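Here come two complexes built around chain A, the first alongside chain B, the second alongside chain C.
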Partner chain A sequence: MTPLLSIRALRVRFPTPAGLVDAVNAVDLDVFPGECLGVVGESGSGKSATFLATLGLLPSATIRTDGIFWKGRGLDPDALRGREIALTLQNALTALNPALRIGTQIEETLAAHDQGGNRRDRAIALLRRVGIPDPARRLYAYPHELSGGMRQRAMIAIALACAPHLLIADEPTTALDVTVQAQVLDLLRTLRAEQGMSLVLITHNLAVAAGNCDRIAVMYAGEIVETGPAARVLTTPRHPYTTGLLRSHPSLDDPEAPLLPIPGRIPDPGAWPSGCRFAPRCSRHVAACEAPQTLRVVPDGAARCCQAGIA
Partner chain B sequence: MTAVPISPRVQQTPIRAAPPLLELAHVSKAFPARRRLGHRRAMVRAVDDVSLSIGPGECVGLIGESGCGKSTLGRLSLRLIEPTSGAVRFGGADLSSLNPDELAALRPRMQIVFQDPCSSLNPRKTTEQIIGLPLAVHAHLPRTQRRDRVIEALDRVGLGPDALHRYPHQFSGGQRQRIGIARALITQPALVVCDEPVSALDVSVQAQILALLKQLRREFGLAYLFISHDIAVVAYLAERIAVMYLGGIVESGPARELIAAPRHPYTQALLAAVPRLHAAPATPLAGDPPSPLAPPSGCAFHTRCPVAMPICRSVRPQTVTDATGYEIACHLHNPSPA
Partner chain C sequence: MSASLALSPGTLAFRHFRRDPLAFACALFLLMVALIAIAAPAIAPHDPADADLLRRLQPPVWMSGGDWSYPLGCDGLGRDILSRLIYGARISLGIGVFVVALATVIGATLGVLAGFVRGLPDALLSRIADILLGFPYLVFAIGLMGMMGPGLSNIIITLVLKEWVVAFRVARGETLAAREQDYVEAARAIGCRRARIMRDEVMPNILSPVVVVATIRMANVIIMEASLSFLGLGVQPPAVSWGGMVADGRDVLAGGWWVSTFPGLAIMLVVIAANLASQGLREAFDPRLRQ
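So, the complex of A and B:
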């Protein structure tokens, strides 16, 4: 099957007073039609930068790549963004324009992409799609008049305006309460099932990815350290960082199980170790870890670890 | 629902071996809402008739969604804010009846760790000044002795003496939270209110801080009021859990029992909404939490409750306590509704 989106050897560097700082390195990713890919990592792991760079939304960054492909052809982000690929951001309060009514912001998107028909009716239909009650009245609401969950829904409505083939949802539930988070995740599952849309779910929460994604890519220090089918990654992780993340996660199924935190902390961008970037925190550190690691193919996925095949 | 006799909590309080360290009795707190032109000034009942006690060395977890009043309750527990009505007793002393000197003498025994280690540490003070300040205020120790105690406190939270002369911005989020914990512990408190202490941290750092909090508790016999919106985090640390919804406690009981078999429909929905690593997501609860400015009549949860009955719309359920001390405020579990 041809992937919908293919990213090859993506490298993103940000200019800082101290020079160019590596944020993303050697990222290879495929998103297949109809699938949900979870991109999991802690802050600064490069998960958002990867997709913002792909969509051409990091004008100040230096981006190098062996190619980014959309349905097998070179991707032109300016032609596809908002039309075939849509993006929702974590904080809907800052992502939406506070001075414009929700309806105006949806109609603006429809107008920008020359969508025919009665835009007002289409906006109402979109708000109804995402489960906003009383959509005809909500068109006239300003973002601050909506609750956090409703704002996230409104942003998803804008993203859906042109019936995209791929929705990139960057931490769609991080700012939300747990019952509202469950509603938004349920909405994304429903939309995906109805439209056959592919979804990239960027999240720091492995459990959010667990319940919603077909495949998971785990990022650490700007690199992908492990990919594979969600069930396999969660039950038999092949990279020690994934194992550490799983053991750091307090579980309701066994609340008193001891947590086994990963020692140390994530190195600052620009101060990555020269070899395996996880080596200084890794309990299975061996001499071979001093050399940079590549993604090795393992049964059901790939892992950036010299011992991945052994485990 | 249960075979043991049930009586309203006003008539019978559960018998405990040790007197409680902290006791909140029918505590309420109302804040004036922002005035809107042409409207009478409304009051928000952030905390509404809450009773809760914490024994010495006990960890009580307080869970609830944003705006449910859990942080306000934490602040009331330490008399950082004054209750509108009700009493807060610490070690048997009614905090609101104490004069400033008496209250100051109790302060070292009750401390707080805040959510955001960035805004709760003075950016212009060094670690030594931040952690040493409670000692200067409460113990009047000379500077050299303070430094020894600060180094000791840093060591306990896993930081070296090289941290002494650095400023908050030179630390990572996890390290800053360690400094906040060291500051709370340096006066050898009996009670620490932890207000969302790990919510701003990444998962791997969060696990480190949780393990530290658990270890410190064992070492020093600390009692925690552990406030968090993350139920799994609370379940990891707490022996008892109280669930808040719109200013009131809807259910409280032993952590293991409450997590395994929640009785209140809100607790059930809350637990079902938590994403799990190895289970499919459940059908979510509909609706948003109502505004505390206009709380629903009767049971505050009836607007979202999947099993609401007619009585829930009109009559506020009383809190009933069974023989084991398990408390619940729900008409489904109240055999003789008012």
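So, the complex of A and C:
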């Protein structure tokens, strides 16, 4: 099957006073039609930068790639953004324009892409679709009048305005309480099923990815350290970082199990270790870890670890 | 649902403004002057250019020798001061409003452009603005009016040329802050082009400081016009302006103080009202200053 979106050897570097800093390194990703890909990692691991760079939204960054393909052809982000690929930003609380009514902002998207028909009716339909009650009235609300969950829904409504084939949801559940998180994730699942849309779910929350994704890509220090079907990654992780993430997360099956945090902290971008970037924090550190690691194919996926085959 | 649903920031600001008695009174005063200016031909008791040397320096009604048909007296050529004040409001207020409106539209547009696009356009426009700011206002205006010659359109051109810088700098500064906001990135993420982002996303967010500054500048422009007219570089007779009336009275100050005093008073009242109203407007638009 041809992937919908295919990223090859993406490298993103940001200019800083201290020189170019590597934020994303050699990332390969595929998103297939209809699937949900979870991109998991802690803050600064390069999850958001990967997709912002893909969509051409990092004007100040230096971006190198062996190619980014959309439906098998070279991707022109300016032509696809908002039309076939939509992105909801990390912070729904600030990503809506405070000076404009919700309806204006939805209609604006429709106008930006010259969508015909009655824009007001379309906006109402979109709000109803994302489960906002009394949509005709909410059109006239300002963002500050909506709750966090409502704003996230409004963001999703804006993203859905042009019926995209791929929705990239960057931390859609951050800053929402748990019940609202569940509602938003439910909504995304329903929308995906109804529209046959692909979804990239960027999250730092393994549980969120576990419950919603077909495949998972784990990122650490700007690199993908492990990919594979969600079930496999979560049950038999091949990379010690994934193992560490799972162990530091409470489990419903064994609530008494001690939580084991990963020692140390993520290194500063620009000061990555020369070998395996996870080596300084790794419990299975061996001599071979001093050399840079490549993604090794393992049953059902790949892992960037010299012991991936053994584990 | 809260009662404030569906109220725009402008509506909220207006509600607050209405509760500020001093600022609201000043705004009403300005509105009244504006209405008088518009209705001048219907209101003015006499033709403002109707000279009669028999009425030369006739004093106001409450002084001996004054009468009710010329309540504020007559000037050195026997023209009715009240009528001239009423007609003069057209020039003073008209120029104030028109110059500020034009300068604000030009300045804000260029400011958003410079702040959003950055780079060469920004550097170029900002340097031009710096140079213009370096000129003392009156020197700039006198120099330019001297070159172009007096007249209504020239005075407008001169004042706009100097005045757009104010709106430009405010709009540019606000845009620099607004362009880094998440909603701008979100707009780009949904595929909005730059022109649309500037017009539909950035503009509404920077509008209130620009509007507030414009009202403050109106008082300034009215004084500038009066100064230029006082110096003889403004509108030319038979058109009447308050600054010109003050100048007319200068020669007869010893025998008829009222000729200069009343237009001077009018300038002062309008300028004070504009300043106080704009202060109220600033508070109304800034949630931090609302009580």
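Note that in this section the second predicted complex is superposed on the first by the 309 of 311 C-alpha atoms of A that agree within 3 Å, B and C clash if a C-alpha of one lies under 4 Å from a C-alpha of the other, contacts with A are read in each partner's own complex, and residues count from 1 in each chain.
What we mean here is this: contacts are C-beta pairs under 8 Å (C-beta built on N, C-alpha and C of every residue); 3 or more make two chains touch, one makes a residue touch a chain.
As the structure is a computational prediction, the values presented were derived from the model and not from experiment.
Asker: For the combined arrangement obtained by superposing on chain A, do chain B and chain C clash, or do they fit?
Answerer: fit
Asker: Let me test your reading of the model: by the given contact rule, A:155 touches which partner, first (chain B), second (chain C), both or neither?
Answerer: second
Asker: Examine A:112 and indicate which partner it touches, taking first as chain B and second as chain C; both and neither are also allowed.
Answerer: Touch partner of A:112: chain C, not chain B.
Asker: A:259 in the overlay: touching chain B, chain C, both, or neither? Say first, second, both or neither.
Answerer: In the superposed model, A:259 contacts chain B only, not chain C.
Asker: Quick one: classify A:96 as touching chain B (first), chain C (second), both or neither.
Answerer: Once the two structures are laid over each other on A, A:96 reaches chain C alone.
Asker: Is chain A touched at more residues by chain B or by chain C?
Answerer: Looking at chain B versus chain C, the one contacting more residues of chain A is B.
Asker: Looking at the overlay, what does A:125 touch: chain B (first), chain C (second), both, or neither?
Answerer: In the superposition, A:125 contacts neither chain B nor chain C.
Asker: Which partner does A:26 contact after superposing on A: first (chain B), second (chain C), both, neither?
Answerer: The answer is neither, since A:26 touches no partner chain.
Asker: Quick check on the superposed pair: does A:63 touch chain B, chain C, both, or neither? Answer first, second, both or neither.
Answerer: neither
Asker: Compute the least Cα distance separating chain B from chain C in the superposition and give it as a whole number of Å.
Answerer: Least C-alpha distance after superposition: 9 Å.
Asker: Name, in rising order, each residue of chain B that touches chain A in their complex.
Answerer: Listed in rising order, the residues are 65-66, 172, 174-175, 202-208, 210-211, 229-233, 235-236, 255-256, 259, 269-286, 288-289.
Asker: For the complex, give me every residue of chain C touching chain A.
Answerer: Interface residues on chain C, with respect to chain A: 2, 4-6, 8-9, 181-183, 185-193, 196, 200-201, 204-205, 207.
Asker: For the complex, give me every residue of chain A touching chain C.
Answerer: 55, 57, 78, 80-83, 86-91, 94-101, 108-109, 112-113, 137, 140-142, 145, 155, 158-159, 161-162
Asker: How about chain A: which of its residues touch chain B in the complex?
Answerer: 42-43, 147, 149-150, 177-183, 185-186, 189, 204-208, 210-212, 234-235, 244-253, 255-256, 258-263, 265-266
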